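Two complexes come next, and they have one chain in common, subunit A, joined by subunit B in the first and subunit C in the second.
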Partner chain A sequence: METPAIFWGVILWMVAWGVLGSILLRRRYFARDLDTTNANFVGAMAGAALGPVALGALWAKTPELTGRIIVAFALLAVVLIAGAFAFADPQNNCVANGSFVASQITNGLIIGIIYGFMALGLTLIFSILGVVSFAHGEFYMIGGMLVYYITAVWLPGINPLLAVLGACAIAFMIGALFERLMLTPMYTGKIDRPVEYGILATFGLAFTLQYFVQAIHGASPVKAERFIDFPRLRWPEGADPLWIKSSRGNLTLFETISISNPRFVAAVTCILVLLALLYLLHRTWTGKALRAVSQDRDAAAIAGIDPHRMNMLAFALGGMIAALAGALLVQAFSWLPQVGAIPAMRSFVIVVLGGLGSLPGAFVGGILVGLVEAAGTGCIPDAQKAASYIPAYGMIVLTLTLLLRPTGLFGRRFASGAHGQ
Partner chain B sequence: MKRVPDIAGVLLLAFFAAFPLVYTGANYDYVMHVLITAFFYAILASSWSMLAGYAGQFSFGHMAFMGIGAYATALFCHYFYITGEPTGTCTEFGFFGNWFVIVNPIGVTSTTLTQDCLRQAMAGWGDSVSVTPMPVLLGIVLGTIAGGLAGLLVGLLVLRLRAAYLALFTLGFSEIVKATISAEIDITRGQAGLELPALFENGVTVLGQTYDKTDKIPPYYAMLLLLVTCLAILAWLARSRFGLFVRALREDPDAAAALGVNTTRYKVYVFTITTAMAAAAGAVQAHYVQIITPNMLFLLQMSLVVAMAVIGGIENFVAAALGAIFLQIMLEVLRTSFTIGGVEIDMTTWRLVFFGILLMVVLRFFRNGLIAPVIARFRRAGMAEETVAKRRAGEARP
Partner chain C sequence: MRITIVRRALLASVGTLAILGGAAQAQDCPIRIGALAPLSAPGTVVGGEAMRDAMMLAEADINAAGGVMGCEIEVVIGDSEGLPERGAAVMERLIAQDGVVAVGGGYHSSVGVAAKDVADARGVPVVFAETWNDTITGDKQKYIFRIAPLSSWASGTIYQFALTLPGIEKVAILTENTDYGIPASEETKRGLAEGGVDSVIFSVDIGTQDYAGIVNRIMAESPDMIITLVTGEAAYNFTQQAADAGIGPLDLPFVTGQDALESGAYWTNVPDGQYAFVQRIGVPESQFTEKGKAFAAAYKEKTGKSDVEGYAMEAYDSIAILAQAIEEAGSTDGDAIVAALESIEHEGTLGKIYFPYGSQKDPSEDGKGDEWWHQWPDPALTMIQYQEEGQASTDAAIVYPDAYKTADPVLVNQ
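Entry: the complex of A and B
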């Protein structure tokens, strides 16, 4: 970075006004006896974006806040940070190199879709059981390991699609079995504090699964082979630059953005499964029952839905989704028994960002986190450090969310709990 | 019967106090090491059970605070020195007639090629100038404070939210601490690890007996003392109004708040105290093993602490400490392999699976752990007879 003083100065200015804004606006809301859930977020964003000007305007016209203003302020704040960065470090790869930026954004989107998909499982479990599954990363790991074992060790030469399906089925069964054996006492009031019990029980499952795999498999990294090869494609013929160019392992758009085959396949599969899942949730009886239980347990029970079975289904389905994400990514990354920790962390960040229990929030949050990580890895000057700090980018997002808007982007009422204080 | 747990506790303490003086096995150092590590885990498990069992705040970042304590004292002892003469190359300033030297971070390099500024100066001085490292005790105190401060900040951020957020955030926090320590190689030396002075660098002389710095007896008693101190503080807290408030907010935060307990404040207090304990344990352990790496922050360590506390009894910190000692000893005992029906099972890898399953079984069927109910049973012995006797007396009177 050439002139870091500019960048850090701008950041400091924004943070100072943001802090001031969030405190002042919250007070203002209290004085006017308004709902303060949004005040912190709006105040911080307005302060960060426009400093004293926006704060003064907000102070004068306190209750007239709409979602659009908040989004505009938030975007402006992001633009300001990006502008300051570009100004401070004009030689940086992610400022000067347009094609690098384009491919970084595309990759961020693609990986974000996969993250969002994985977080969807977590949020599904939370919305129905009220439990954050700390075994989510282990389901992810199990999914990848199973695909590797099925395709490379147990049944070599099998169609990878069948292997993925098999891994999903096994993960589904593990999830269902665990829910039946361990989580059932939570629902009947046998346990004083069910949420804490759920945290510990899933933590125990994570511990057991991880070391079970480690004991069986050992600590050597594995990687599955590519599921399918791209056809060799040049389209349109003779154009310069070619819009789409593909080789067996890679896809290039406009000769600048390069997407590797495994990631592309994983993202496309995730989108397809997501559509199927949406169909399941909105068009079938089971899915409607699931959503009904997440909205109001007792009312659903009165309407003839067995909430206990829905619990089992939700936990198994959530675990299966994580396993599917792992099964798709085992062709892209090398796989270890400990591999689940970082994606699990990401899923936690995403579900908090999107709003615990909100399905669209998980997906949007996933894409946002994917983009933030792409920006972080692409823009931090020291490449080695940028890579080691990957878990940290998500944590910054998480900290900001908890500070400014603990209900998340699409937080539902029931996800807010004690936040309204 | 009611006194049995107290008597057993005193006997156990006497046993641990006398053990190093009585035991004379060939594997003396190894056994001592296992016990010191067991005490270390006992501090972590008991403070964690105070946090999770008494206050109902599930934090998975206990190891991160332990690591902050350890790294704070390590960095303090690694970078700060007091010398008799100015080095001329380091950042330094006068300090009561001597010079307070801040060594420049050089990262991981070959020691023969590049030396930090103090080592260069010392090479020039020979033995003529005194170079005093920082006192270890001060480092441990600073580490404890650093851990407590970090706990305070994290607590202020997340403790106003629901339980799930704390668990999520602390898990991420420990990942971030690990990532930072691994990435800032210039300062923390990353995976190469920081070396620390021993707990008693110059040896100690107690009752005419001199122990040098590799002896296991001084760190053994230091760790045991820390464990007993922590348990005493926890016991005092649990019996005071503080403990009452904390248990009240565990059972029902809304009811506690309605009765005038500032729930967030008490949650932050208990979080700060327990994280400071974890940091103190980490600092002492770091000086005992004399090298720390980011690997001590692996999630495995946290899982072990959770397993220890749950298996001992999460709502009783003495039971959690005993569970930790028991489990740590079991972990060492199980470093064997045996064969069943021609299949060799290497317990070094399977023991953790075994503990995971034990953790889940205990959680499912013995909600108060394995050790806490035993204590409770003795405590309650005779309670029924007493109640009956009281009732009789009440009936006879009118």
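Entry: the complex of A and C
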């Protein structure tokens, strides 16, 4: 960085005013008997973005803290950080090189969609069962392994779509079986401490799945072949630069943004399945029943919904979503039995960021984490450190979320009486 | 009366136990030799399993030939998990609990750096098989030996090769932030700079899967060559993702990770990996010694692999050389084994293994640095290139150095 003093000076200013703002505004809203849920977050963002001016205005007026105000201040804070960075290091790739920025944003967006989709499964399980599934990463791994085995070992030459469907079906059954055997006792009053039990049971499942696969498959990395080959496309004809250019394994937009085939296919499939999931949850009886159970178990039971069946469905569905993410990414990454650990950790970060129990929150959270990681990897001036700190970027976001807005971006304010109590 | 009988019976049984115990001490079979290998995440399990298979073959071969000092040997494998604190704990356990008289194996440098101090403090000799960090022998500890090449020397082969290629002005180095990766990358950068070539280093955690952001950044640097120093499947992920983005082995001179030597896994994971360069320790299979060929055949049969990795051969030799040292010393005492190792000549699968520098001759007498202490000076280091798609690493062309060269390198950017 050319002048780190500028950047760190601005950050210090923002942190100081953010802390002050968060404390003061909450006190002010509390003293005036107003809703304090968002006061911490808005106070911090307003203080960081516009300093004493915004804080003074908010203090005086104490307006209702709508979503628009929250988003506006948060965006302003981000813009200020970016601006300070641009002034402090004008030679940085992130500032000077437009195509680089576009590529990084696209990368972050694409991988964020896939991560967000996987986190969706986790939040679904939590919102309905109240159990944090520590086996989520292993379902991701199983999905990938099954697709590899189906397409390369058991039924070579089979249509990859069938392999993906097969992997999802098997993962669904594993999830349903596990839930029925190990998690149902939590709801029938047989377990003293259901929360801890749920954690330990899913931990146990995680170890069992990982080492079972390692025992059978071994530790060699494997990868499935690309599912589809893109057609050779040049559109529009004769334009300079070409808007879309595609070869078998790659898609290039405006001749600057390069997206690899496997990731593009995975992201598009995730979006389609997400839309299908939303349809399921909002337009079908089963989906409405799932949402009912997530809001209030007992009331749902009184209304005639079988919570046990909904639990089984939710866990199986959540596991299947993780397996689908894995099934789509096995064509992009090398697969090993240990491959689920990092995505699982990332799913936790995303779920907390988006709000436990919120489906759109998980998706938006995933995209945010993807973008933050892309920004960190691309913009941090020290090449040697930039990539090493990748796990930390998500953790910084997580820490800030927990400090300023513990319920997450879209989280519900009140817990919904989960895990059978 | 009954009490006297009971007391006599007790005395008799105690006496018998004491005699038996004494006899067991004198016999002390089987002789246990410990071994470190990464067998679970985040260690490189592929490497650990290869070494484990090789070391169990060594145990079988040695026992079939009559064992050591009339006893069978037992190789006790400890899973280091690739973590230094775990490695130190496992070393402690092998010595204190399992009663090993010496230790072989070792894959990750960080594990070696941590575990060697434990063994040295306990007076248990260690012959490290595949840990490259210079300080492992550079600390000049009495009980520590090494077969694997020095990291500085291995980096030397790579950058000297890079300097022979035309048109290379800027190199991007991808490394792992471990005790192996950081010194290796810095040594490579230094060596390249001496030859007038600029380089930029990117480091990642072991086990990183998604390289899109880093590949983007490397592209923004417009390098003429890429050198990969990460181990394990991370190298496969990086190489293929670089290829997807247009800066892979088919686009510019690209040195990929050592795990590309397992060609079956390499071509599955990196379908666009043709023309990649790989560093290999040891001579090509066609030049193996008789012992090397015998080992290669047995290893391939046992594991079903098409190639023998250099680290598997090092692991085999680490156990075999310890067995020979114990036999020559005529005792399992640590100091006796060390004395035997310092003067040993062992015909291993990698060639003749010996340790010229030690307490009898300091490396400085020949103008060499401390890292040559208890270091085997001869592992052959070559650069190979996969010039045909899908070929086995044993069939790959050797492009450097001239002593082993079989073909000129194919340069995709010329």
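Quick note on the criterion: the second predicted complex is superposed on the first by the 408 of 421 C-alpha atoms of A that agree within 3 Å, B and C clash if a C-alpha of one lies under 4 Å from a C-alpha of the other, contacts with A are read in each partner's own complex, and residues count from 1 in each chain.
To be clear about the criterion, a residue touches a chain if its C-beta (ideal position, glycine included) is under 8 Å from a C-beta of that chain, and two chains touch if they have at least 3 such contacts.
These figures come from a predicted structure and were not determined experimentally.
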Clash or fit (per the criteria above) of subunit B with subunit C on subunit A: clash
Partner chain in contact with A:Val352 - subunit B first, subunit C second, else both or neither: first
First (subunit B), second (subunit C), both or neither touched by A:Val195: first
First, second, both or neither for A:Asn107, with subunit B first and subunit C second: second
Partner chain(s) touched by A:Phe264 [first = subunit B, second = subunit C, both, neither]: neither
Touching partner for A:Val339 - first (subunit B), second (subunit C), both, neither: second
First, second, both or neither for A:Trp13, with subunit B first and subunit C second: neither
Partner chain in contact with A:Glu225 - subunit B first, subunit C second, else both or neither: second
Partner chain in contact with A:Lys385 - subunit B first, subunit C second, else both or neither: both
Partner chain(s) touched by A:Trp59 [first = subunit B, second = subunit C, both, neither]: neither
Selected from 5-13, 23-31 or 41-49: the stretch of subunit B that, after superposition, runs into subunit C: 23-31
Residues of subunit A contacting subunit B in one complex and subunit C in the other: 214, 218, 338, 341-342, 384-385, 388, 390-391
Residues of subunit A touching subunit B in the complex: 126, 132, 134, 181-182, 185, 191-193, 195-197, 199-201, 203-209, 211-212, 214-215, 218, 338, 341-342, 345, 348-349, 352, 356, 384-385, 388-392, 394-395, 398-399, 402-403, 406, 417-419, 421
Subunit C residues within the subunit A interface of the complex: 40-42, 45-46, 48-49, 177, 200-205, 207-210, 212-214, 216-217, 220, 232-233, 236-237, 240-241, 244-246, 262, 264-265, 268-269, 271-272
Parts of subunit B lying in touch with subunit A, wherever the complex brings them together: 52, 56, 58, 60, 157-158, 160-165, 167-169, 171-173, 175-176, 179-180, 182-183, 250-251, 253, 299, 303, 306-307, 310, 349-350, 352-353, 355-357, 359-360, 363-364, 367
Of subunit A, residues touching subunit C in the complex: 93, 97, 100, 103-104, 107-108, 111, 214, 218-223, 225, 249-250, 258, 260-263, 332-334, 336-339, 341-342, 373-374, 377-378, 383-388, 390-391
